[in-house]
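Letters A, B, C, D and E name the chains as they come in the text, with residue numbers starting at 1 for each one.
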């Protein structure tokens, strides 16, 4: 009776248990020092820059670096300070258009790069400050919508400002060239060094990203960073604990805006043209996806998220990569769902059998088979062409398969366990059929479908993002 | 002990990988008032959630009113006759008192006027306030609405989660008086309390929970006299 | 053990996938005449209908050329979402792909601006089926061609027809703020100014959905409403709304409106083919396209893409005949010599020195009571 | 030290505080009791600047607090805890405490980003201070606990952490809102002792809201009883606890049972 | 005066459509506090379903059934279809995330939006469909008051959206499910303890919200004709805007917000520059939000300490 343990601290008692429940991989990863993880990323980036001359890959690298800057910036605003800023991408556009107007024939200005870039970056910071002023009064979703409006005002203003008529003037004034965009910008020219190769931008951006990483990491771990997070957690308490909430929020807003504006100037110099549709909601959405996938509030998460959102869509342009992703995901899903290896094998065999049965059935009812040349795309098609029966009217069959698959999955989710086992192989077969008949042939749409599915699945599996901590929120 | 109303047998509950309840056995008889005591994070509210079916146990069975309800969801259990007065009362503040009461009868479909009448008889104050927003009531009145709401589903068993928490001494007293009266009128109850002194004063029996295990059980009288419990929970 | 068996299964399945990958890495057996035509188009996103149709028609054209000449020319899609930055990212990818001999696209003038220089420097022909901005053929992009007339032809042409033939006294313009719509409206307005006819411009956002408010603004005395939409359903809406609001003005659509959904009787539309509906030369291509994609209708964006792909593929075949299979410079030179008697657009095709259609012109139709179109000029 | 004079607070027609005056001398511990809804927490909100009272004044020493922002009031030397424990749940225990030093530290965005010596030194000091404050609560909040997110703490520990966080702002006056709520008798006793030692060791002036009469009796120099925003009794514990109005409105007839 | 009247009618009809979309946002937000960004795409699917119902019931030029019946069936099919879609979306994309942070469902919703858009692209092909009703609902049908003309479709849209909104208000305020919905909105855990089947109520919420979007989709088709896979983005955004300026979570607020937005847009286009109309609309909305930070009918956020 004496060791009932009444009154001992419960969590202390469970400490060991919680430690033991961590997976070994996680522990191993936790043991690698921070600098080594980051270092390896920059080392790879460095080696790639040294070794590669592939213009396309370098361009993707530059896009990635710009995207990293954007997600770093947004991560400060959303991830650290918890301000849901849906107009963030306007700062990027502002930076780009600012640079464009001062470095092109549009207004006949050709300022030197070392003046334009700091000038525009500071101007973006001021803009960020001005926009944060009215935003101080607002919270949560109301702030989100107002920032969204700001973003839209920017887009609409740029679109409309190619045709400003004044009551006193006969002709109209064209400032931004509207939907025509501004082509023919000066590339960067730093004290005589002309950035005429994509690699110049690659190195420039690598240095910037490195510096930003170190700087943001330091800030986030110290006084200001802590204050940002307290504001995110509970602004009211933060204020009561002596944090000047308005100032700290403004600081986050301005810091994010500045980074975005800076990135914008580099983008404009690299691209040597700017068009407004590149600074609208779709990009905004992608940046959000990046930081949330990576784990909102985590610097590494912002980086990984940016990598996923930049590299994956590029990879998926190649049908075979898409196929690998699809089949590996399919196998993995079946593996996880079957729980036992033997059952997994049964599923696979069943799918194969269903394929042959389908073939026989189709031939029996006299459906004409499509010419293999018409539908085989990529290596999986080659592998499967003798097994998979593809009817002639592929599009129609594909559409039916699509709807059938969705219905099967819907049934699966509510079915009794026994029926689930029966349904699974059919789901698998329908998925493969759909993939080969319809999806792989239409890479671009498929690419979007995969990205969409990935966002949903990743969020369900890891709602806090890849590098995010489990969070609790009190509303 | 009389005929059993609620029975938990060897219940194990997990949050993720953390083992919260470990082989918990607990029983409430018809017409009994049982209290569940324990310190912070010992699993008291998890026990309550497990009984209500909000948390599903990994092992063990829960029987209620003669039926195995281990796999039954919360609505089903409420339909069978469980009702709860949650911690901090948890009224629907922006809704009227009447709406709150009607929600108590949710599982029965539309509320029965006779049930409403019974609640108003029990708490005449509420009758005048039925169209007032619940959030604007005083602490004691809120407690009445919470109990009234629980009664609306004609429960066989009322679960009370920390009825004294955050209340002024006077209201605490009223609260326990109310519990005691309800008990006397024949309702079975399970009361979860930090305030062991008061709980034991009105309960028939009690359980002490510690790190997810039932470490002590007995009649209220036995527990009040238990030396170690005294030292840990009852203060002086 | 459990973990191990799981892992091994994963490894096995990925290995299987990798073997497959290696298998396709080995090149297909070389045929006599090869090469890849890259298709740059907005295949997803808000205006996917443009890209999908262009790509579909281009594929049909390549298949047709292959069938006719026994060549094995392939195609590859590059999705740009009508975004210049994405086009610029894909351009070096296309340049790096040594088998690419020419590009169908990009769809938008702004994309051509972003990638034209790079392709020009690499002797890759760019044949855009829908980039109509006038200044693209100013000589800056030596490898740029388009099988369709430019805005400089359509805008002023329509203006003159409206004023001189249809005797318009007052005109309203609905300028859709896209690269296409703005460019065209500017050319049109400039000509109207020259002709000294009152023209009021209403610039509207592409994302605008309801044109009732704009129609209400249109003066009661206006004779015509010139619209520069890319989606004919919008032109139809404006036409119907004019009737509902009892305005006398008649919609005059640019080639973007040249689709069957725009069919209010009495309206006008300009297009670059003499008669789109029931054009015999185009029938088989249209049928093939519909069968291939499952589309139910076509717009004006598709057929030019057929011609663009045809131009490249045929040039490639001629290059092969000259023993220069897959040589970009030769293909480019051959494209300059293009001479097609009758394209599926209904007319002959030759290019000027700067890449425009030689003798290109627009045709004007009026919609009849039964919804059919009658060519009137 | 802290002087509230003639404070009235109205929400529409509702008067939550009515011409209330309370004065705290240096190092004094005063308890505020009263039924739920009597205006106790409103009083705290007025003192910390979250609510602007309709009339009255709040003075810390000779400095007027009304009109200052909550952050400024905090930096002037008033810190508080919250009735329903409001920690920065997703930050570590240590960070929770460190964050409260914001008003007493200087390093800005750039000096942090550049990792200047000044900022690193400050950071080290802040960390040391936070650890020291946490040690104040014995072993409950030390060791591996420092890096744990605050949401993983038990209810009682959250209350303790909240007090530590308030202390990190270097207050002269500490306002505690039901520090013993949700604690069992043993833990309650611990809190009582801690409150006592806060005054003894750190020289704090403390205003405390509490329902648990053991705590009130154990710590208070003086007790103020409120009902409907009006002061109904003031004096030492025994005086207030036996005051008929207090018994009627707050303690109830069988008040001894609660005790 | 006529001009103003005409513009007001233009604005109100457009606003009616916005309001129906906004209601879906507000219902879901009210109950789950998540922004269902896939809502605009549900609306798009509704427009497609209505289109197919229309073509199925007789070619666009020759209706084989009475027009009224055809319209009824179009709305029914679109609303049932999108309603079910709403349930499926909730089941797969939101339910697993119900206890995570608020921002996770946002991304999941984004994924659903991409899936729906591109799925529609795949299945419905990229062709732009057009509701061609001119032959059996003549453009000239309607009535005039002086110079003011109100055509039949606009009037129908206005009346139908008003009816749907009234029904919805009744549903939310007067039924057990509606009450349960509000209870969940305020305190989900407490609602669970009352024995409320939260899953079921949320399913209902999604069904009703999505069905309203479906109705809006059909209305949009009848009113504005063009239907394509990418059409959901902007109306979705407008609906969201309307919901927020009305006070998100408030049903009457969403209606007012929608109508207000429609009217502002119309007047900005009608009286000021069409070129700057969107800019002006957004600046007006920003100003409005600054003066009424919680929207028209949103409850001010209580500072709870």
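Everything below uses one rule, namely that a residue touches a chain if its C-beta (ideal position, glycine included) is under 8 Å from a C-beta of that chain, and two chains touch if they have at least 3 such contacts.
Keep in mind that what you see is a predicted model, and the values were worked out from it rather than measured.
Visitor: If you check the contacts of chain D and chain E, which chains show up for both?
Guide: A, B
Visitor: Quick one: how many steps at least from chain A to chain C, stepping chain to touching chain?
Guide: Counted as steps through touching chains, the separation is 1.
Visitor: What chain is most central when centres are computed from CA atoms?
Guide: Answer for the innermost chain: A.
Visitor: Among the chains, which one keeps its Cα centre farthest from the Cα centre of chain E?
Guide: D
Visitor: Specify the chain most distant from chain A by Cα centroid.
Guide: If we average the C-alpha coordinates per chain, B ends up farthest from chain A.
Visitor: For the chain pairs A-D and B-E, which is connected through the larger number of C-beta pairs in contact?
Guide: By number of C-beta pairs in contact, A-D is the larger.
Visitor: For chain B and chain C, let me know how many angstrom lie between their CA-based centres, rounded off.
Guide: Roughly 71 Å, centre to centre.
Visitor: How far is the middle of chain C from the middle of chain E, if each middle is the mean of its Cα atoms, in Å?
Guide: The answer is 34 Å.
Visitor: Please report how many Å separate the Cα centroid of chain A from that of chain E, as a whole number.
Guide: Once rounded, the distance between the two centres reads 28 Å.
Visitor: In chain C, which residues are in touch with two or more of the other chains?
Guide: Residues 44-45, 48, 51, 177, 203, 205, 293-294.
Visitor: Would you pick out the residues of chain D that each touch at least 2 other chains?
Guide: Counting only residues that touch two or more other chains, chain D contributes 50, 82-83, 154, 157, 186.
Visitor: At least two partner chains per residue is the criterion; list those residues in chain E.
Guide: Residues 118, 121, 233, 275, 278, 303, 305 of chain E each touch two or more of the other chains.
Visitor: Touching chain B in the complex: which residues of chain E?
Guide: My answer: residues 176, 179-180, 182-183, 186-187, 189-197, 299.
Visitor: In their complex, what parts of chain C are in touch with chain A?
Guide: 5-6, 9-10, 13-14, 17-18, 20-21, 23-24, 43-45, 48, 51, 77-79, 81-85, 88-90, 92-93, 95-96, 109-110, 113-114, 133, 177-179, 181-183, 201, 203, 205-206, 292-294
Visitor: Write out the stretch or stretches of chain A touching chain C in their complex.
Guide: Per the stated touch rule, the residues are 54-56, 58-60, 63, 156, 159-160, 162-163, 178-181, 183-184, 198, 267, 271, 273, 275, 277-278, 282, 314, 317, 320, 323-324, 327-328, 331-332, 335, 341, 344, 378-380, 382-383, 395-396, 399, 443-445, 447-448.
Visitor: Hey, which residues of chain C end up touching chain E in the complex?
Guide: 44-49, 51-53, 177, 202-205, 207-210, 212-214, 216-217, 231-234, 236-237, 240, 243-246, 259, 261, 263-264, 293-299
Visitor: Quick one: in the complex, what on chain D touches chain A?
Guide: Residue positions touching the partner: 48-50, 69-71, 74-75, 79-80, 82, 86-91, 95, 98-105, 107-109, 112-115, 119, 122-123, 126, 140, 144, 149, 151-154, 157, 165-166, 169, 186.
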